[in-house]
Each structure stands twice: as C-alpha cells, then as structure tokens.
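A quick write-up on the structure given underneath.
Just so it is clear, A, B, C and D label the chains in written order, and each chain counts residues from 1 on its own.
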Amino acid sequence: MPTTKLSGPLLIVNPKAYLQSADTLRLAQITNGLAKKFGITTLFTAQHVDLRLIADETSHLTVTAQHMDPITPGRGMGHILPENLADAGVQAVVLNHAEHPLDLAVLDATLERAREVGLATIVCADSDAQCRAVAHLGPDAMICEPTSAIGTGAMDASDYIERTTAIVKDVDPTILVIQAAGVSSGEDVARVMAQGADGSGGTSGIIRHPSWEQILTEMYQAIVDSRHV
Amino acid sequence: MPTTKLSGPLLIVNPKAYLQSADTLRLAQITNGLAKKFGITTLFTAQHVDLRLIADETSHLTVTAQHMDPITPGRGMGHILPENLADAGVQAVVLNHAEHPLDLAVLDATLERAREVGLATIVCADSDAQCRAVAHLGPDAMICEPTSAIGTGAMDASDYIERTTAIVKDVDPTILVIQAAGVSSGEDVARVMAQGADGSGGTSGIIRHPSWEQILTEMYQAIVDSRHV
Amino acid sequence: MPTTKLSGPLLIVNPKAYLQSADTLRLAQITNGLAKKFGITTLFTAQHVDLRLIADETSHLTVTAQHMDPITPGRGMGHILPENLADAGVQAVVLNHAEHPLDLAVLDATLERAREVGLATIVCADSDAQCRAVAHLGPDAMICEPTSAIGTGAMDASDYIERTTAIVKDVDPTILVIQAAGVSSGEDVARVMAQGADGSGGTSGIIRHPSWEQILTEMYQAIVDSRHV
Amino acid sequence: MPTTKLSGPLLIVNPKAYLQSADTLRLAQITNGLAKKFGITTLFTAQHVDLRLIADETSHLTVTAQHMDPITPGRGMGHILPENLADAGVQAVVLNHAEHPLDLAVLDATLERAREVGLATIVCADSDAQCRAVAHLGPDAMICEPTSAIGTGAMDASDYIERTTAIVKDVDPTILVIQAAGVSSGEDVARVMAQGADGSGGTSGIIRHPSWEQILTEMYQAIVDSRHV
C-alpha cells in the first residue's frame, strides 16, 4: 500500500463521538470544500463505522481513524485491524489520545503496524516528558495537549505551546506539531501558529459553533495567513 | 429506531479480524445467499470499518458489530458510539468476548445503550457462574464458550454444552443460546443443536475451510435438519 | 487454610488510600477496641503494604484486602497473589469496587481463588442488574452502592437500599448486604439497617470526622440497637 | 522522606509471585547475607503484602515494590499508594514490566510520584524505541528485556544487550541498565556485564535453582569479577 506523507501546515477536524453519521458526513463535506479551496492538508477523523463513507464522499481530506489496535490478521474479536482501515481509504490514525491512552509497548507496536500498512501517525502527548518520549517513537505528527485543558474552550495561559513544540522539534524537526487544546476561533489558531505549531484545529470549538462553514473558514484563513508572517 | 428482535434457530458467521475488506464482503455475499435460501436468522460480524459496506451490499444478514462502547454522543475519542452503528445498518452487537472482556459495570451499561438504540445483544460467557450471571443481565442471545477451546477446532468433550444451555434457559427461556466453540463442520453444528442450543457457527472452522460455500451450506443444512428431529 | 465465615450484622471501615501507615494503624486500633466492646463483626481494609501490620496489631478485626488478582503462584509481576494475603493474616477481600472494576471473567476467577485460599469475599455492585448478577456469582457479602453517590456524603433518596437488598436476598438470603454509600453518622447506619441491610460503614464519613472514636462508637451503637428493633 | 540513590553494579532478585511469604522471607535473608558479604547494591522485590516484613527483617537490601499507582492520598480503593510503601521501608519500585504494562501518561505520572516520596525507579522496556523513550522519562534504572524471552531461561542470541544498553547510555549515561532476560547462571551474569550492563539478576533462573545460596553466590561473584576486567 502507498504510504501517506503529511505536509504542514495542517488543520485537524476531530468530531470524536459528538456527531451521528449524517452530521459527520455533512461536516466532512463542508470541510472538504474548504480544504480544496484553501489547499491546506486536513485531517478529518470520524467514528470507525463512518470512515469508509467519508473516504468515498470526499476528495481533499486525509481521512483519519481515532484509534486502531496493533493486531495482525487473525484473532482479535472487537479490535480494530489496521489493514481494513487502509482498505476503506483511511490514510492516518490518531493514537494515545487522553480519552484512549495506550500502554507504551502497545503504542510502539501500533506505530509499527501503521508503517506497515502505510498510515500516517498522529500521537498525542501531555507533559514535557511525554512529548519528548513520544517524539523518540518516530510519529509523523503529534498533538501536544495538556489533559486538563481538553474540552474547556480555554487555552493554556503559560508557555506550554512554545515549550512543547520546541521539545518535539528538538528531537526531530520533521515531526509536525499540532496544538489544538482549547482552540475555538481563528484568532486562537493564529496564536498557536505564531507560537511555532505546524497545525491546529479542534473538536468542541468547531462542533458547537453555530456555523461550521464560518468557523472552519476562519481557521483555514488563520493558517493561510500564518504562512505569510 | 426500530428494535431488532432475534428469532432462532440461528447461525453466526464471525470472521473476527481474519479477513480484509474484500474477503469479508465476499464471505458476506456467500452467506447472504445461503441465509436467503435456507431462511435462517444469520448474525454476520465484521470489522467496524466494514460494517456499513456489508449492510449496504446484503439483504438477509443481521449485520453485527464485534464490540461497542457505552458512550453517549460527546467525548470518547477512539471509542465506538452505538448510535452510528445503528445509522450504518448494524442490527446487533456481540459483547464481552474472551478476546475483548468487559468490566461487569461496563457490560451492564453497554446493554442498556444497545436497548436505547435498538440493537440486539449477544453476550459471551465462559463458566457456569458467568453464564448464569450474564443471563440475569437480560441479553437477547448468549454465546457460551469455554475460553480454553476458542480457536482450537476441538469441541468440549464434557457436558459443557448441555449444562450451560440449561443454566441460561433456566434463568430465561427466551434467551437464545449459541454454542460454537470448536465447531468446524455440519456434524458439529448438528451435535450442538441436538444438545439444546438455539444456534451455532464459528470463526476458524469457516474461514479456514477451502470452500466457504460448502462449509456454510453444511452448517445451514444441519440447522434446518435439527428442526425436524 | 481455614475458611473465614462472616456473620452479620457487620461494620466495614474502609480507609481506601486516605491514610498513611501510622494513621491507618491508629484507626485500626481504635476500631479494634470498639469491635471487641460491641462484639460486632468488623471488616477493616487497608493498603496491601499495611495489611500484615494491621493483622499483627489487632485481634478483633476481619482484616480485609481492597483488591487481589486471580493469579496462582508463578509469574504475575506487580499483581496481588491471594496466598500471601492469607499468609499475612488477611481474612477477606473486597472485589469490583467502582474505583477498581473487574471484567466479569476476572471477578469470577478471583472469587474462585478466594475460596481456594479461605478468604471471605465482599463484592461491590451498582445497578439492580449488577446486584442480581453478582449475587449469582456466590460472594459471601455484597456492597450495593450507586456509583454516583460514592464520596458525596449524601445518601440515596430513592428506594435504592431496600430494592437492591431485596434483590440480593431474593437470589440468596445468606449473602450479607452492606449499604454504605453516603453514610456518615449513626443515624445513617440506623436507617440502612432498618431498611434491611446486614451492615454499613464507610470511608469519608469516618475518616473526615474529627473524632474517629466518636463516629465509630455511634455507628456500632446504631448496629447494636438495630438488633433489638 | 530521604531519596534513595542507586549505585551500580547491582543485582536484582525478583521472585514476582512465585513464592509465598515464608519462602520469600527465606530468600530475602539468604540474599541479605550475600549482599552484605559482597557489598553489591541489591534490589529485592516482593509481593506488596510482604514488603514491610522484608524491610523489617533485612538490612542490606534495597526493598523494591513490583508496582505502584500514581494516586495521591484520598480515593483509590485497591490501588497502591506510594506514601505507604515508603512508610513500610520500601526504597524502590519497578514499573512497566511486561506483565504489568502502563499507559505512557500513567508511567510518567507514577515516576513523578516516586520522586515525591523518595523511591528509586526501575522502568522496564522492550524494543529499541521503547528503551529510548523510557530513558527520556528519567528513571534511575532500566530493565531492558525482549518480552519474548521472559521466563524462557534462554538469553537473546543477537546483539540486543549491547544495542539497548548503548541506546539508554546515549540518552543519559547515569541511568543504570539491568539486563536479566533469560539469565540463569553466573556465566550469564558475567556475559551481560561484559556487554556493558550495570546489573543483572532474575526470577526463574534463581527461584528454580536447587540452591538459592549457590546460584546467588555465583551471580554476585560474577558481578564482583566484572569490576576487575
């Protein structure tokens, strides 16, 4: 299978388990149109059961699984087999999110499986030490996120963004760093891009906005503008 | 959403994580043809990412998830939201398989969620005590399976089948009991049906057979014949 | 090893992880004196590392582990071996607490191990369905506890206590039912005993009281008084 | 609390869950005598319920827990509170063993707790990538161990030992590297020390030996001899 390569800057639209299939598809289609218009790499995650639908109905999204397991074809009742994600058009996978933490050995094995089937990997990390350790596992991208800020709509007031971005880049400057905790506006996106991130995005900041078209347009514009600073 | 009601006798075709998407679809289509021909309720499980495809491409299968989580719409990155399974045409879910065991409280909560979204429930149990306890949680069907026999191709030599079937029926005679451990032929299916089970089926006994059409025909025929004994 | 048999009424003093070793020992000694004075069966739990100390320094407590694993002698790095609890003078074990939930199969296997080494078993359950299922696994005692009430200091306002006690007794009247959620006074203990429970007790309701002697005396007195109603 | 500092070379005697309390104490006393005689830092692990006993009855062992949880005083029924380990005389803790793997975030938080209560930390890792990632979390010592070799009595035939030792030392030369997989003789210990390890030891290679005194003497002698090479 061909390997997906991510290039920044990028936006992640991550509806988690907020939306049923029809709304997920509607959000994907809006995002797809804007991804095409702005020409920005866009990670779009969805429930596993909706991933093939999103892949079939869009053309400019990097369709992304929210988790997968390190199993190989065989047993593994109820676990997510990497090969079938690739079969369905999935191109990337998020691992080790605070809502789905992984044993270090499992994370390592799952990254290996992702490479085998050609999926790009985005790994989440919280503390400085976790960011550094994960960077050494060789993911394609990372989401640095202080667990305490998830879903709050409030951004970290300290130097978390600059500090963790620098930690990852110091280990390997080719790892794309996404900073998205508490991001809910174009201004927020502009701020994290100015602080060195390769990408941003969000969940509740997008889902709860009265106009998905408007909030996404703001975020894409902020990313485009950040390139010309 | 409409609630799925299961009626016996039934066959379960459970490829677990053995097959990639194309082969899963091919197995589903063969099974669909035979389910139609024999008129037997058929549970067909698949990887989450393949479930919608199977539901779209078949008409006589009870499309069945291999697991889901008790989450409600909202957070839950990487977890399986029941609503979207139903959206995709899934009608049933297997829970607490030995390869994906659940906390008792999680199992209880997930059964509740399945009822809310209209999915039929098939819960696995091993020992006599577990079979009795699970029966009291009120699933629609159960798979009684001694963990030590899974994937061996060898059936339990003791009275496990009769004993656990009787335990479940004693709690609630409307719970459909599936006995499938080590089943790999029409004769095996005939034996468990004669011992009181409402259904049978399998994983490796089907997947590894050189002709899926042949082994499934044997199994369906054995179920049909068991009705006339 | 001799098997521990519990007889009601009983009090459980469950400091969880609130107290360091010296305070745990002090609480154990106060409880021991009152257990002797009132002649009431008393389950006293402690951190695993403190259990032998408590067993050595007291005489009238049923020293109780807060968890153990279903392992047998051999591998199992970092897991709790039942035999060594018994070696240390432990006589009972709490399993499946909401803060340490167990897979159904693990719970079943651990109950079996407890019987093998002679430990009395106290299993926690939340919903009606869970209470009924656990009762069928044959524990010696149960703690029925709505998860949402743990640590709140507020008792359930509905008929939870009477209802779940009746559910358990209906399955097996010899199972001792402990109702302790939100209990923080002698009056609370009196209330649950009047509602049919075989025992009560608590964690924060005892630990946070300015006088452990006073609150425990109140609770013991309420249990003694409940026998004469 | 005073912080335990480990200095190499060292031996780890890790009976896991193989021994009941009396045998654990006997093994500890034999080890204690030899640790004193040879003057080698010795990590001795035991079941949590036996740790205080071992600490009380020995004088030359670094008494080591096989696991602990990142909880702080408060809730945490059934979990291992770090403070009480320190209270009992425990000086070190092994984390992330293949038989008790930890989420990366939990491992990070538990290392932080260990530093707070003064325990030395020994963290297990398997693959090259895991060894590198763990080294960046800043443990005092590491056990590099290919999971497939645990309990086999056979040592890795490739360059695993030299390679992973070098990976860790390259990150931080002060981290003590223990290589013990498959080690069951003084010769095995001599080999890993010659390959750059700071320590060795084992479980089944010691426990199953007909004379604990003899096998331990061999191992200590090999470590002493390795200093003069």
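Note that a contact is a pair of C-beta atoms (placed from the backbone, for glycine too) under 8 Å apart; a residue touches a chain by one contact, two chains touch by 3 or more.
Values in this document were obtained by computation on a predicted structure and should not be read as measured data.
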> Starting at subunit B, what is the smallest number of hops through touching chains needed to reach subunit D?
Replying inline: 2
>> More than half of B-C's contact pairs recur, by residue number, in one of A-B, C-D or A-D. Which one?
In response: A-D
>> Taking each chain's centre as the mean of its C-alpha atoms, which one ends up farthest from the centre of subunit D?
In response: B
>> Quick check on subunit A against subunit D: do more than half of the interface residue numbers occur in both copies, making it same, or fewer, making it different?
In response: same
> Between subunit C and subunit D, what is the separation of their C-alpha centroids in Å?
Replying inline: 34
>> Report the inter-centroid distance (CA atoms only) between subunit A and subunit C in whole Å.
In response: 45
>> At least two partner chains per residue is the criterion; list those residues in subunit B.
In response: 98
>> Going by the touch rule set out above, what shape does the chain contact graph take here: line, ring, star, complete or other?
In response: ring
>> Taking the top-of-page definition of touch, could you list the pairs of chains it picks out?
In response: A-B, A-D, B-C, C-D
> Given the complex with subunit B, which residues does subunit C contribute to the contact?
Replying inline: 96, 98, 101-108, 111, 125-127, 129-130, 132-134, 136-138, 147
>> Help me check something: in the complex, which residues belonging to subunit A touch subunit B?
In response: 14, 16-22, 24, 47-53, 65-67, 71, 73-81, 83-85, 87-88, 90, 94, 97-100, 150-151, 203
